[in-house]
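Next, two complexes with chain A in common: one pairs it with chain B, the other with chain C.
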Partner chain A sequence: MPDTPAEPMVQIQGIKKTYSEDRSLFARSAQALTAIDGVSLCIEKGEVFGLVGASGSGKTTLGRLLLKLEEIDAGQIRFQGKDISGLKGAALKDFRRRVQLIPQDPYQSLNPYMSIFDTVAEPLIIHGIRSSEARRQKAAQALDAAGLSPAADFFPSYPHQLSGGQRQRAAIARAMVLSPEFVIADEPTSMLDATISFTIFKLLADLRKTQGVTLLFITHDLAAARFLCDRIAVIYKGQIVESGLSEQVINNPGSDYTRALINAQPRFSFVNQ
Partner chain B sequence: MNFSAETRAACNTAAAKRSYNLQRFLDGWALFYENPVGKLGVFLLACFGVMALISYIPPLIDPMYHPMTGVDPWISNATGPSAKHWLGTDNLGRDLFTQLLTGARIAFMVGISAAFMSIVFGTLIGMIAGYAGRVTDAALMRFADMIMVMPSLLVVLLLASLFGQLNIWIIVLLIALFRWPGVSRVIRSQTLSLKQRPFIDMARVAGASHMRIIFRHILPNVLPMACLYMTFRVTSAIIVEAALAFLGFGDPNTVSWGMMLQWVWKTGHMFQAPYWLLPPGICISLITLSFYLIGRAMEEVLDPRLRKEENFE
Partner chain C sequence: MALLEVENLTIAYKTRRETAIAADRVNFSLERGRSVGIVGESGCGKTTLGMALLRLLPSNGFVKKGRVTFDGMDLLSLPDTRMQRVRWKRIAMIFQAAMNAWNPVQRIGDQILEAIRTHDPKITKAEAVKQVEQLYELVEIPADRIFDFPHQYSGGMKQRAIIAMALACSPDLIIADEPTTALDVIVQDQILQKIKAIQKEKNIALIFISHDIGVVAGVCHEIMVMYRGKIVEAGRREEVFEVPVHPYTRALLSSYLTIDGVFEIRDKQSPAPPCTPAEPLSKELCGYVHLCPHASEACRSRPPQWREITPTHKVLCSLCR
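On to the complex of A and B.
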């Protein structure tokens, strides 16, 4: 295939993911639930791509498929031009270094028995950074960049000693410590209050600027998507109903579902009188 | 474990931050110690600990007090308590009090080493089964079921009659081999629920190997439960060893309480010498009781549902 200079970061072609619910002994009808139903997307290098949809529309599932936490049933995912379905061993490890996740729930996604330093330094150990001095330095840099400074003060803390926002920053530091090329942020602020959420959005925007990372930003919040994303796609029941430049999609929604989503945004207006 | 706001603040500001594990341990310990059940268990266990420690002293005072080989030259039959022999002597003239002290040492040795081994096996197998799932899980759990339903005492007796006298360490190993399945079931079910927690996915995303996930992420989270089961396993190990010894399949070179009972029985003093029969019997009951009480109190600390609800009106 032609090696164009600007190869997309991620290309998704017609992927499907079905969960069979035949787990239960009593459920006679083996109901299959199609969580992702023929999604095709292309995420360019260096952009922030928003994936917007209501709860249960398949956003997290799509993220998990991209992270190779689960396998697709049909279609193809290409990361930097290479199909990820057959990745194993060293190639898989290399993929794991390049692609990272910022989790939805900072309370559940840090091991309660690991200190912040161990949490942030773990990817460094896994990917063969032997010298403990180098690990300390990198972990400190990552924590500083994520807004937890002075980093050394947070090293010995445990997750329960931090606030939700601080935990999310620690999770961001862990994701960024290996300088990944592609990061998936799955509703990174859904458990945080509005002001903290805004600082986290600003942090993500900063990281994108300073580190040139490509971001897939998953959210149900159109305002956040508009603030952060270059392009967005709207997902509904496992299908992409609309995609385009974020301003365009939000100002001139092309599908009824998007319009409904925009209208469903809470508006806080103060009644004067 | 509940952390009050002050504890949390203290943790954040204090120059020397206590590790989470230590803090958890201390909080748990405070809760544990509030419980009279736990207190009684610890007190009893401390008494036996002292017994085990001072068991080294009498033979140093006079070789006559050696529990196995020391014989009072003036006594050739079982005698009751006296100033020289606080609990009396057995039919060979050996001092019963030192035998009893040594028995505490053996009980700890057997109980703790057998329990430790069965916990190690049980935790490893439980984590592997729960984490691997599918065929591995099914195979390991069927194997565990098979061992669980085996009449362990009978099998050990059979082995003993096949191979003659068993060394005490072989007995310990056999007890451990028969006692892991219960542990592995509990650890497996904990692992199954831990596996669903997002931090395991985060470890996978970071590229952690299966080994790393099992030992760095799952193990610390199941360790408290494993410790709890250890106390219950100590109890059962001591009972099995005593039963084996009493039935005449113990290690004849060790002085355990079960062996003392066996000697009472074999020499026909069962109903003539209560000073010989009662102390080892009472000790076996009390040491198993103490581990059991400690286990129960620990369970309350570990399982919030069993905890006394102080905060609810």
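On to the complex of A and C.
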């Protein structure tokens, strides 16, 4: 053991989340659905951690639990060493500043009636930045860092005037404007073409480097995870089936499920390389 | 004559402020049993093009000019009643995000039966049920799930049921708009294999729309790359992957992450193979000029021309030798 181990950003111990009744009206029976079934993970400071799994495996649920948008039924989540279950009042507000989400769909996540400036500046207002000059400055910095520059040109725009990639950059700027320490990106490019996804991945890698932010990258695309992540965990039906260094998991998959994910990736076998 | 011929198709949307062209002089043809993929970024006009072929554009959208000939019929001037008979029976469309459009309070089987019987009023209920059973076999959903409600299906099952519905009338042409985008890789792979097998088995023509060139490459014989309303490169799949010429196509391919890293284009430096210029298409400058690493003075002053690299591979770009 090293003498002074750096404190991890996030430690998850045996968490569970069960939805007791089916959301829908016509369920045959109201059986419980265990969306997260005893997950333990540790995300180190400054790393990009990938959570990879198929649809319905529990990725978004895990993200929502980490954001404390929902409560766990069992286990413990520690953020920078502190249990988040009891957070209230000022402590909760501070947590909400330090942990941010980049949502999946830039077409639905941005308010169509808010200009890009208002979209990015809104979190600043919520977190009590009163000076409008300070807000302008921070919003401009965030937009620039997200690759929307000159920022002032984008301030008056509305989401429908931006391309898909630009919208996702605006959503990233909104998530980054409060200088969070931990950011969860939930399938941030599944709606975008390869050229745009690639620039978004590079942007995320860049933000990690320049701002030291810790990233949880949620995806079902192993190729993207390999490109961006130091370590990945593969989730299947609410359980982690495998985790390790990205290269290692992809080159030496230890579970049938990971192998199935790898085999389902598009390949261009018809190209005579 | 090919099953489908699209000539100079130009589609626009009227908004309060302007009339914006969403698809500009699109030309292609498709034979029975062949498949063509349309790829391009969000908003480039893929759905618009698909909808226009079926005359299902939203009310502020219209075809400005061009022709669509399907099996000898001029689709754009067909009377509404005849067009209705072409839709779904002869040309079926799988709409973008269709799997979320199942009526949540009606059993899926009933929804398919209803569709079959509206289009074929003479068929008996028993015959229609039989047909649904066969379709379910084809898309590999157990027959005892036919009369489930939508929420009892997984996303992949809902999408397979949509495919079953599209196949119900044995169409000659299917237009599939992002049929797998919301699904995870494993389910996506299964559905793509399914679509490919059925297309081949039934000799159906397929137009496959996606923003993901990897997905298109897995399914289609031919690829058309679309950028800002224009087709900018079209060719056989192998040609487009092995000798991509248009700088946007090259950017699309060289930013495509595969499990082994980024896709590598084989001919590394030559984006300008010899080619013969064809007719100039438009009066406007190239739409990619603001991002293109090869943009020259010529690109900023003259519109690009269609170039033929091979008889089956052409590119809209000024870059060729």
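Here are a few things to note about the model shown:
Everything that follows uses one rule, which is that the second predicted complex is superposed on the first by the 256 of 273 C-alpha atoms of A that agree within 3 Å, B and C clash if a C-alpha of one lies under 4 Å from a C-alpha of the other, contacts with A are read in each partner's own complex, and residues count from 1 in each chain.
Definition applied: a contact is a pair of C-beta atoms (placed from the backbone, for glycine too) under 8 Å apart; a residue touches a chain by one contact, two chains touch by 3 or more.
Predicted model only: the values in this text are computed from it and were never measured.
Of the two partner chains placed by the overlay, neither chain B nor chain C lies in contact with A:Leu245. In the superposed pair of complexes, A:Tyr158 makes contact with chain B only, with no contact to chain C.
In the superposition on chain A, A:Ala32 makes contact with neither chain B nor chain C. In the superposition on chain A, A:Ala224 makes contact with chain C only, not with chain B. When the two structures are aligned on the shared chain, A:Ser115 is found in touch with chain B, with no touch to chain C. In the superposition on chain A, A:Ala134 makes contact with neither chain B nor chain C. In the superposition on chain A, A:Gln100 contacts chain B only, with no contact to chain C.
Within the superposed three-chain model, A:Ile196 lies in touch with chain C and out of touch with chain B [touch as defined at top]. Chain A is touched at more residues by one of its partners, and among chain B and chain C that partner is C. Interface of chain A with chain B (complex): residues 64, 67, 69, 92-93, 96-97, 99-101, 103-105, 108-115, 122-123, 126-127, 156-158, 160-161, 171, 174. For chain B in complex with chain A, the touching residues are 3, 8, 11-12, 17, 19-21, 197-199, 201-209, 212, 216-217, 220-221.
Only residues 39-43, 104-105, 149, 151-152, 154-156, 181-189, 211-215, 217-218, 237-238, 241-242, 248, 251-253, 255-259, 261-264, 266 of chain C touch chain A when the two sit together in their complex.
Here chain A touches chain C in the complex through residues 22, 24-28, 53-56, 163-165, 190-199, 201, 220-224, 226-227, 250, 260-268, 270-273, going by the rule given at the top.
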